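Next up: the structures, one after another.
Presented sequentially are two complexes of chain A, the first with chain B as partner and the second with chain C.
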Partner chain A sequence: MSDQNINQNDSGQINSYRRKFLAGLAGITAVVTVAPGILLRQVQAKPAGDAVTSKVRWGMLIDTNKLSDGGDACIAACKKEHGWGDEKLSRTAQDAQWIRKVKVTEKLTQHVTELPVMCQHCETAPCVDVCPTGASFKRDDGIVLVDKHICIGCRYCMMACPYKARSFIHETLIDQRPDTPRGKGTVESCNMCVNRVDAGKKPACVEAAPQAMLFGDLNDPKSDISKALKQFGGTQIRADLGLNTGVRYWGI
Partner chain B sequence: MNKRITFSEVSGNRTFYAVLAGAALLIVMGFLSFLYMEHAGHHVTGMDNQVVWGVPHVFAIFLIVAASGAANIGSIGTVFGKKIYQPLGRLSLVTAVGLLIGGLLVLVLDLGHPDRLIVAMTYFNVKSIFTWNIILYSGFIGVMAVYLWTMMDRSKTVKKFYKPMGYVAFVWRIILTMGTGSIFGYLVARQYYDAAILAPLFIALSYVLGTAVYTLVLMASYKMAGRELGDTVLNRLRYTLAIFITAVLFFEVARHLTNLYATEHHGIEAYILTSGGFITFVFWIGQILLGTFAVLGLVWCRKLKNNRLALIAASILAIVGGLSLIYVTLIGGQSYPLVLFPNALVESSFADGTFNHYSSSMYEVLLGLGGVGVTVLVIFLATKVLSLLPDSLADSLADPHHK
Partner chain C sequence: MFRKFLSVASLGVILISLLGISGCQSKPLEIAKATKGFDTQEQLDAHVKNIRKDHMDRLMHKRDQTMHKGIRTPENSLKACINCHVPEPTESKVVRYTDPEHFCATCHNYVSVQLDCFQCHTDHPDKPAVATATQTPTTAHDMKVAIKHSSTEAAAQ
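And now, the complex of A and B:
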């Protein structure tokens, strides 16, 4: 009886070793097969508990020649994602605009270009420098945004931004999007869809104009955006200010 | 200090209380405006996403800059040892504190979230000039309070600190005004700012505004208290005012000539000097004609020597000039469009490439005037409870060289 038990225990142990071995093998196979797909993806989901790292610098490349609508689709997607643009009481000049279509006509040649302009996610952001409370800040991954919970609404960042990318909320808002806290008396701007990026998705505007916009890690030389920028370069708006923007353009 | 000079509190008469009541009324109006703007949101103001700082900021900057200048009267007496200014020191410091509190309140109450001020007081981003200013402004009140104590206390222990505190206050003031000027000086984005000359310009401006406000406060206090105020003191203030106005003019001319030399600034200069409509009008009429040349005329016209009405007019015009300078810098600088693409015409739904229009709402003006009310209340209440005013500033007493 006792021998039988021992034999049964032995065979049970062997079975359990076998199961673990097979499971391990399957695991390794899965990792080897799937990992490149995950690890080499342009956009990678960040586990919610993990801190943002400076190994990544998110950036955007916009080819204005391929934006047949000048960016209207991007603007619509941004509005839908973040819920701005339906202020009821504010005057036109007081309405928030996270992204806008700018028409540029060169004085000498009369050449016209249309492009979407939003927060350029500067490496050395003037809005971050001037903010007294640290509400205007840059994440380690290069995304510049406003912490609406500590913004005191002094608007100094709006004075400092060379791109006029920021808006102040002039009225009480209701029904905000869950992922986009907004509120009266605070400043806001494009946050590169930080909610989507952290979930491994692309910003709404990039999804709306995939033919003309690339989103990815500027620090990763193998990313599509880095390869494209290395090969063809990319223009910064007001490059003379030396802000090293995260948003680059073609065709301007 | 001249030993014959004695100080005492003012007794307060009907005019005095009428002034206090007027100030209180301004404060109530300003406070109600603040409540309304905070409740409704800034959509009820003239400010928008293009002109983000408006008339409240003009008032706030005016009061804060004037505060630094008002304390200059005390500094001349302490730091530079000018005897005639020494009896004027006490009122000078209280005027400075009153101006600063008024200005600070306007600035704070215009915030989108004044309820979160504690955040600004507990977290400091040292790269921000605003952070520096929070420390400089609140520190200013403390420094002035201690300086005033050393000025008023006759015990030897405290008197030891009178001179050192004078120096501390002097340096603190200069840094404070530079800090205020630097709010604009370090803004690379705007064509009319981003110039280091704004720091010394604001220092000179502070002397003009401070002297002008102080002169008016002194004359009003003495008139109400029925005390004697001699021409010697007033003439000193008169010429001080004129010298500082010339200094502001010098820096202003230098600023514009420097801008005119650089092609990239031709646009903004043309806007301010010739085509800016109301801004151009305020610059030439308010700042240059009334605020500079009219004041210099009133001060240096020989026939007007010892003429008190002329001095009052000169002080008021100097204030008009200073307010104009701040208005043109602040509003003019913001109404000129940002240059996204040089050599190109730019247009968008967000007012790119257009000259932004700003017209202040009543609430903004009332909030600003509320700050003035606070200033007036602080100063005159202080003269009632503290021995700030010399019993007499007659020439025979105040003038060390009087024969």
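And now, the complex of A and C:
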């Protein structure tokens, strides 16, 4: 009787392993059939245990002419993804600035351009140069991040950033998003949705405005973003600084 | 002889009082139950043994690998710990790390070790109901419609 029980347990265990294995297989085939070619090459999820490599450089291309709302949808998506913009005790000047809308009017023609501006993920980032603790750093795949574990909140990087992309958290926060830890006394900025990118997804803003934004690997000449940039070029904001930004624009 | 008796008696008194003190706190702490189970008892035993001894190392050292190298193995994920060991928020109660019944707080309070993780990380699983309540339109089309409405309203006023 006891032998039978053990056998049953064993077979149950094997079944559960088999089920997981089959589920994994089904997942793989689903990806292959749903996204033939393009998606697989564009944003490929690396295995969770692997480190990021410098073979990849993530970048973004924003067509401001196709952003009919000037990027409001992107900003809303970013707020929802990362849970910022609800700092009750902070003054307007202290508000979080992961991504913001910038309006430029040409004096002569009165032509208005609206563009979303966030961390430009520079190749030679000034914020990384000035950080005294190494908290501001560039990942091998080109994403510029703040390691809040070692950020001391000196705000030197905020001074150094030519794009005014960083902000400081002035108040105690609760109920953060699970994938976006944020806390008082640290600096934060756009992280190119690093949690989503590592999972093989696109950043939230790109998903919110797919008609106007491209996300992909700038090092891969076959990616959509590289092809588009090769054919039509792309503008860097403050290109004179020579920072080789990962975010490029059309229509500005 | 009397002196000997006195020393033996005082030793006895000290022993009994020491036993009494240790006896007061001998009951193991009651910690919150995990929501998910393991397939086998061996897996559970290995998990408990490992985490009791090494959780701080895993959280402290693997965090740098996650942050700087993008290595996100599920077994070293703080989010995974929280999702399994802290109850989901309900309408009436959100268990936070400042509450004594919070899984991490139970032992940390007992040994007076400060919990710093939750100054930045969330201390409870994401609540689906809250996420949908504050949901904004997701597609670009929805957003455009919403913005158009608000701008036309502003123009009308």
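Note that in this section the second predicted complex is superposed on the first by the 212 of 252 C-alpha atoms of A that agree within 3 Å, B and C clash if a C-alpha of one lies under 4 Å from a C-alpha of the other, contacts with A are read in each partner's own complex, and residues count from 1 in each chain.
Just so it is clear, contacts are C-beta pairs under 8 Å (C-beta built on N, C-alpha and C of every residue); 3 or more make two chains touch, one makes a residue touch a chain.
Owing to the predicted nature of the structure, the values given are computational and were not obtained by experimental measurement.
Look at A:E106: by the touch rule set out above, it reaches chain B but stays clear of chain C. In the superposition on chain A, A:Q176 makes contact with chain C only, while chain B stays out of contact range. Looking at the shared chain after the overlay, A:Q97 reaches chain B, while chain C stays out of its contact range. Once chain A of one complex is fitted onto chain A of the other, the partner contacts of A:G251 are absent, as it touches neither chain B nor chain C. Applying the stated contact rule after C-alpha superposition, one finds that A:A76 touches chain C and leaves chain B untouched. Contacts of A:Y163 after superposition on the shared chain: chain B is touched, whereas chain C is not. Residue contacts after overlaying the shared chain place A:L241 against chain B, while chain C stays out of touching range. Shared-chain residue A:G85: touches no atom of chain B or chain C.
Contact with chain C, but none with chain B, is seen for A:S68 once the two complexes are overlaid on the shared chain. Once the two complexes are overlaid on chain A, the chain A residues touched by chain B in the first and by chain C in the second are 172, 184, 186.
Within the complex, the chain A residues that touch chain C are 13, 16, 46, 48-52, 68-69, 72-73, 76-77, 79-80, 137, 139-141, 145, 147-149, 172-179, 181-184, 186, 194, 198, 208-211.
Against chain A, in their complex, chain C makes its touches with residues 39-40, 63-65, 67-74, 79, 82-83, 94, 96, 119-123, 125-126, 130, 134-140, 143-144, 147. Residues 87, 89-91, 93-97, 100-108, 117, 126, 129-135, 150-156, 158-164, 166-172, 184-187, 237-238, 241, 252 of chain A are the ones touching chain B in the complex. On the chain B side of its complex with chain A, the touching residues are 38, 40-43, 45, 47-50, 52-53, 111-114, 116-117, 119-120, 123-125, 127-131, 134, 183, 186-190, 334, 338-341, 343-352, 356.
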